[in-house]
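Both complexes below contain chain A, partnered by chain B and then by chain C.
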Partner chain A sequence: MSRATQTALVRDDRTLYEAAAGTAVGLAGVAFAAGLAALLGVVAIDDPVVGFELSVVFGAVLLALGVAVVGFGMASRLGYVDAAPQPSAGIVAAAAFTGIWVAVGAIVSGAVGLGTGGRLGVGVVSGGIAFAATALPREDIGSTVPAGTVTVLCGLSLVTGVVGPGWEQVLVGYNATLFGDTVVPAIVLFASLVSGWSAAKAYGGFGARGRNVGAYVLIYLVVCSILAVLVGLVAFVTVKGLPGLFNGFGVGSAALISWPFLTNGAGLLADIAGVFPALVGTVWLVIGAVLFAVPTGVGAAVFLSEYAEQGRFTAAVEVATNGLWSTPSIVFGLFGAAFLIPRFGNQKSLIAGMLTLGFMLLPLVLITSREAILAVPDEYRDASAALGVSKWQTIRSVVLPAAIPGVTTGVILGVGRIAGETAPILLTMGGGVLPAKSAAPDVLGSFQLSASPPFVSNPALLEATSALPYQLYALITAGLSGNIQNPQEYAWGLALTLLLVVLAFYAIGIATRYYFRRKLHQ
Partner chain B sequence: MSLPPQTDWRASIERRLTGTREFVDDTDPEALAAVLVSMGSLLAAFVGFLLASPWTAVPFGAFLIATGYGWARHQALVARAVTFAMTTVTLVTLGLIVVFIFAESVPAFRYETASAFGVSVPGLGMFTQARWDAVSDPVRYSLLPMIHGTVMVTAIATLVAAPLGVAAALFIAEIAPPRVRELVKPGIEVLAGIPSIVYGFIGFTVINPWASGAFALNGGSTYLFVGMVVGLMALPTVVSVAEDALTSVPDVMKNGSLALGATDWQSMTSITLPAAFSGVSAAVLLGVGRAIGETMAATVMLAGIPRISEPLVNVFYGYETLTSLIARGYGSANGVHESALFAAGVVLFVTVLCLSVGSQYIEARMRRRLGGVE
Partner chain C sequence: MSQTDTAETAENAETAATATNRTDSHGVSTTAGETVEETRPEWTSYEAGGETKLAVDDLDVHYGDDHALKGVSMDVPERSVTALIGPSGCGKSTFLRCLNRMNDRIRAASVDGTVEVDGENIYQDGVDLVELRKRVGMVFQSPNPFPKSIRENVSYGPRKHGDIETGLLAKLTGRAEPDREEALVERSLQRAALWDEVNDRLEDNALGLSGGQQQRLCIARCLAVDPEVILMDEPASALDPIATSKIEDLIEDLARDYTVVVVTHSMQQAARVSDQTAVFLTGGELVEYDDTEKIFENPESQRVEDYISGKFG
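Now for the complex of A and B:
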């Protein structure tokens, strides 16, 4: 009976404890964000905050967090609060804290001035103590005391100024130096992570629920940082690229819209240098790759899922397709250079680039089309067959229309991927660093018929052509300089244009998927 | 002992022959002719293309005409033949890649012949000494410095991509509420779409100068930050493959655990993750493959000197990887030097292909086990 009261669903006495632990998690989160800001140079660690240097304030916060975390564990162990800890913190936590404390022991003893042997010894001893302190006592002590003490130690080193602004440590033999500007934020990030996890466990009352909360805090942090990196990257390129992209942009002059960056080349005649030839090159590149890869990939998917019997042949094709999917793009480039270039006039050419990217696109199209065709319910095929419709007619008028949403989405996402590829076209297509407007390929206008083999020719397809990603690479290798007014601004504008082209494909692809999915669920 | 398989073999051939004969008898001869002409001319066009013959256009034209005619008159049979031809394209492509990059790399392997235990092994010299110098004597083509660079970058990238990727996959597959998932999943797909040269450009103009100042380095090329950037690029691969594996664990298994009163995290660590372990490790392997093959960010951010860093684990200096060696050197190289770049390509291709086949094997095993066969 007494047990029943202990695990009652409503436990009033824990609200204060939970509030304290929740506050500690929040404080750790703030410290993490501030540490990140310091690492990125948004704030400096010697900026004064309420009369103290920022690094001292960081130290005080970590000190408070560490003490609080140890306090949570003690309060639970001494029975002041009603938590549900397990007999041990578990082997994963023990291993993690052993690793952390081996490092801490080695670093601290190194700072004191011990040699390699001494550092190793101290590290092993402190790691062993941490292992015992984590694995042996009950979970509420095991997952708070090692975490709390390491946080306190980090806090002390910052408060006392052992590590702070102006601190530096030469890494002998590495030819590198650690400075306080990077080490202080790193210490803050690490200690806030450890103490935040421990406080989250305390918030959940240890045990299964505490572990759940602790793990969720870490996972949410990971996902938030991934999304932050994504948003940060796109925002950064946008802010840096806008001046170049809209250089000389105007509405309502001679033409309706004048956008010199997109409609000019970079020749002497253009007063504002633009990326027109590379843009046209990328468009033709994508068209060529799609014309080769989409019919081939969809046809192969139809054969594999509708005609072929599952056996060695289909297995071999599947292995080959996945192998091609993971083949590095530079290997496709080598292949294009060795196989296609000698067959198309012995020089880098647009068509060699098209086919190389087509080879890269093929496995993507094949995999997604096959999934889409397999997802068409067999009832459709059976119903069609029951009406006496032939197999091919069924495929053409039942299976393929039903699979079109998946195929379209896969193709668009695949195109987005290859449109930004640089390595293959670097080896097969080439082009100039700053091509003039006249260098833009005119594919449709240059087909020629002749009386001798190969009877049809197209010089535009056989010439080295620039594309957006290649031009960006060429600009970088040219040291971001060239015969234009502001090469830096031009390069960032080019990067933004490329990013927008690729992201447009992704946006369209993802939107298509939503559109078809909503239509399907109506 | 060898009789039964042989008779099986014979019987299967006979069965095939009768099958073919019946098929030929049953099919309209005109349709059969159209298909034969179309496939024959396609094969001829392929051979012509391989031989770099200017007459390739002729059989290709014949293929188009025969297929067009057959499509109009006997669509079903022609469609079947044409889709079969398209299916072989992947196999043919992979075969051509193997043949061409291996063939181009032969001179370099010959040049770097070294003897081990009295036997001379072509290509051994690429791995037994550490000098790559294509210009000054002695001209040697060791791949060791670049392999070291690739290993450093891949190791750091894996340390970034594997834990973050698996955590994000858990989030998408198990934790996130539907609305949040609809936001995070496309977000990670978009991360896969950011072109590698854009990452490289940011690394070259922002990260390298920053690292140079922050650690007082000679130059800003570091394996540390190249590895982190490459890890970020391999992350989406890990996330999407691991997420597929996690969602393929049947709901009944998770529900059973939850019904016993386990928390979500307990169900994940003791049911979902162990059940999907093969799939998740396949995801990490594929991520490693992506990291090994990543080219542009490494090319733009690394110093481009084929040298092994000292000490071996010095992450503050970055010299060259296999991929960046090819991207940087191709075009200005010729002769044995160019062939050595193909040899680097062979090493890359074989490594990544092994990873791909390995991860497919692991995934197939997981599907069999979850299907309840094993």
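Now for the complex of A and C:
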């Protein structure tokens, strides 16, 4: 086997072949995006597109892609184009196509009614053929023909309507049914990924450059799909939650802005049920946990990295803190219920919840603060010591300011986790399912001075309080009924509010980190 | 170097070359540049004119099992520049760090012997390290300003020592002295020949300065606590030639008011800026200590001559 042609060092004009392959990559990308949209329910597979159902159009596109990909390979193999394929497509591609074709063989043979043994046999045979077809011939055939044929098969199944809207398959032994509106997008995603990769290799002229372009397209498409899932998740909650969140929202009139969902309780007196008590509860909960965990965590980190002798003791503490960070939250909740509650008036209370979440937050703050302090260059410490400045003053005025961005990162991550935590506050904080506005904790206004110990008391901290994740959980377990008009809408609004509160804490943290980074570095 | 000197050097080189491959009477094999030579006490017993600022006597330093400095004794005269030269790993930086007890910060280091600053031994019980380091300041090899503003960098030492009060409490109680701080910052920066370049941007972060400016800022920071001795550990090794010459000019200038001890890898630099030079050679020995001119023109030790003429190290 000889290399087809010598490639030029500089290629300034785009050949027809490259243009065609580039178009195919683009088409695969569009199909992939449309498949994602169909999977996330943005479009339906039986929507009409230019007179045909969407799934049939998908099939036609895949058919064209498959044929084109095989054509690219053939054109290169027959020497019509300027490409630099290697002797083989490689073992990784061969293994991947073997797996794909075993599955294809088994599914197709199952569809025509073969038994388990028959399916296995056909699968192994088609897998073996695919392995040979990928690994043995030159790269331009090995990485296009198996990919192209599987794409053609997928396209055929959609064009002919073998799989389409209304299709369903009961999975024997799994008590589950597959429906066309999930399977069709899945087929499209899979086939466009495979053919997109193959077309990208053809675009790069196979060889090292082709593999580079192929890997790039593959990674790009997968990253896009991950992002799409994330965006889809947030969009789903937002779309479902917006009606509840803006129920009765108005600008003007008595107050400047009237936002009953956020400012009302859910009592009988409220005309529009709101989440005010739980919202305030969550905010206080996070503030309390941070106030507890940050000073103790940073203090411990300073001791461990600046004062303690590095050795067995610090290693043991490190293992213990890592272990605590991965401890399930329900265990923290049980600890809070068994240890804290008897010490704070023997009932579920806001302060018990704050401390429990503070305990959960502590290990992460400790770990990240320690990393941040260790990352502060020793030169700063040396410089400060050489000026005759004491160790503690050095830590306070040089080491800690330089470590603040790292510490903030830890707090951001930790707050993201604890703000949405349900299990610990279920056990330690309680609160009503649908608390009235009066149930919102008025922490600042409840401090009371007294002449006898403890001199300062705060009843608001000692009362059972609701928080957003707990209220959501309680609503769902209570069966989404109760004294509110539209419990479904209310619950989704609640979920969106929780999401926004967590994002708001994130934003505060990121702004803080940005501020201190700027201060340190310019 | 005159022509006769050059001829002499060439002659010495020949001698060294013949010595290279022979085995001496004790059966110790010698390799290039490591001629076996006893260090003679009179080579290091240089008596400089003027008051003695630092007196080092029989100083030994061990890092664990490693004997880094062997019985070094030397007197550093006041208001002068003393250069410490020698190949890598010869203990010159270790020696420098002993002079303000920065070696205390390395756990494995142990120091024996005495170092006297103005006649007071700093290796005895009850030495106030804060006071010592205020009097014996240090500038490091790579510029290490704090990630703070230029002003805060300079006033850092005095603030932390309580010489200047700036905080909120000081402002509230009327004890803040912004004018004094301003004057101190200006004086220090001017002394470090940096004022003209930064006086319009004192609030900018010091990390935005160039390497040479950062090093001069570190010198200004050191000057702000008003030391008597300034130790410099290869202050120009990370800098370009122009920045280096600025630092060298500054060192010469500082020697009018301060006692400067500078470690350097550059023989030319030592010859240019220093009044007396101490040569450390491999093994942590002080081999020769004398007037800089004497060391570079006519050293007593053959090894020092080899080192200076570039035969090893």
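Criterion: the second predicted complex is superposed on the first by the 444 of 522 C-alpha atoms of A that agree within 3 Å, B and C clash if a C-alpha of one lies under 4 Å from a C-alpha of the other, contacts with A are read in each partner's own complex, and residues count from 1 in each chain.
The working rule: a residue touches a chain if its C-beta (ideal position, glycine included) is under 8 Å from a C-beta of that chain, and two chains touch if they have at least 3 such contacts.
All figures in this text were calculated on a predicted structure; none of them were measured in a lab.
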Superposition-derived comparison: chain B or chain C, residues of chain A touched: B
Chain B versus chain C as contact partner of A:402, first or second or both or neither: second
Which of chain B and chain C A:385 touches, first, second, both or neither: second
First, second, both or neither for A:307, with chain B first and chain C second: first
Partner chain(s) touched by A:237 [first = chain B, second = chain C, both, neither]: first
Touching partner for A:129 - first (chain B), second (chain C), both, neither: neither
Chain A residues contacted in one complex by chain B, in the other by chain C: 390, 393
Interfacial residue positions of chain A with respect to chain B in the complex: 41, 171, 173-179, 181-182, 208-209, 211-212, 215-216, 218-220, 222-223, 226-227, 229-230, 233-234, 236-237, 295-297, 299-300, 302-304, 307-308, 316-335, 337-339, 342-343, 359, 362-363, 366, 390-393, 395-396, 413, 416-417, 419-423, 426-427, 430, 452-456, 469, 472-473, 476-477, 480, 491, 495, 498-499, 502-503, 505-506, 510
Contact set on chain A toward chain C in their complex: 377, 379-380, 382-390, 393, 397-398, 401-402, 519-522
Of chain B, residues touching chain A in the complex: 49, 52, 54-58, 75-76, 79-80, 82-87, 89-91, 93-94, 96-97, 100-101, 103-104, 163-164, 167-168, 170-171, 175-176, 184, 186-198, 200-202, 204-205, 210, 214-218, 232, 235, 262-266, 286, 289-290, 292-296, 299-300, 310-311, 314, 316-317, 323, 326-327, 330-331, 341-342, 345, 348-349, 352-353, 355-357, 360
For the chain C and chain A complex, residues of the former touching the latter: 100, 102, 105, 129-134, 137-138, 140, 142, 144-148, 156-157, 160-161, 204-205, 207-208, 218, 221-222, 225
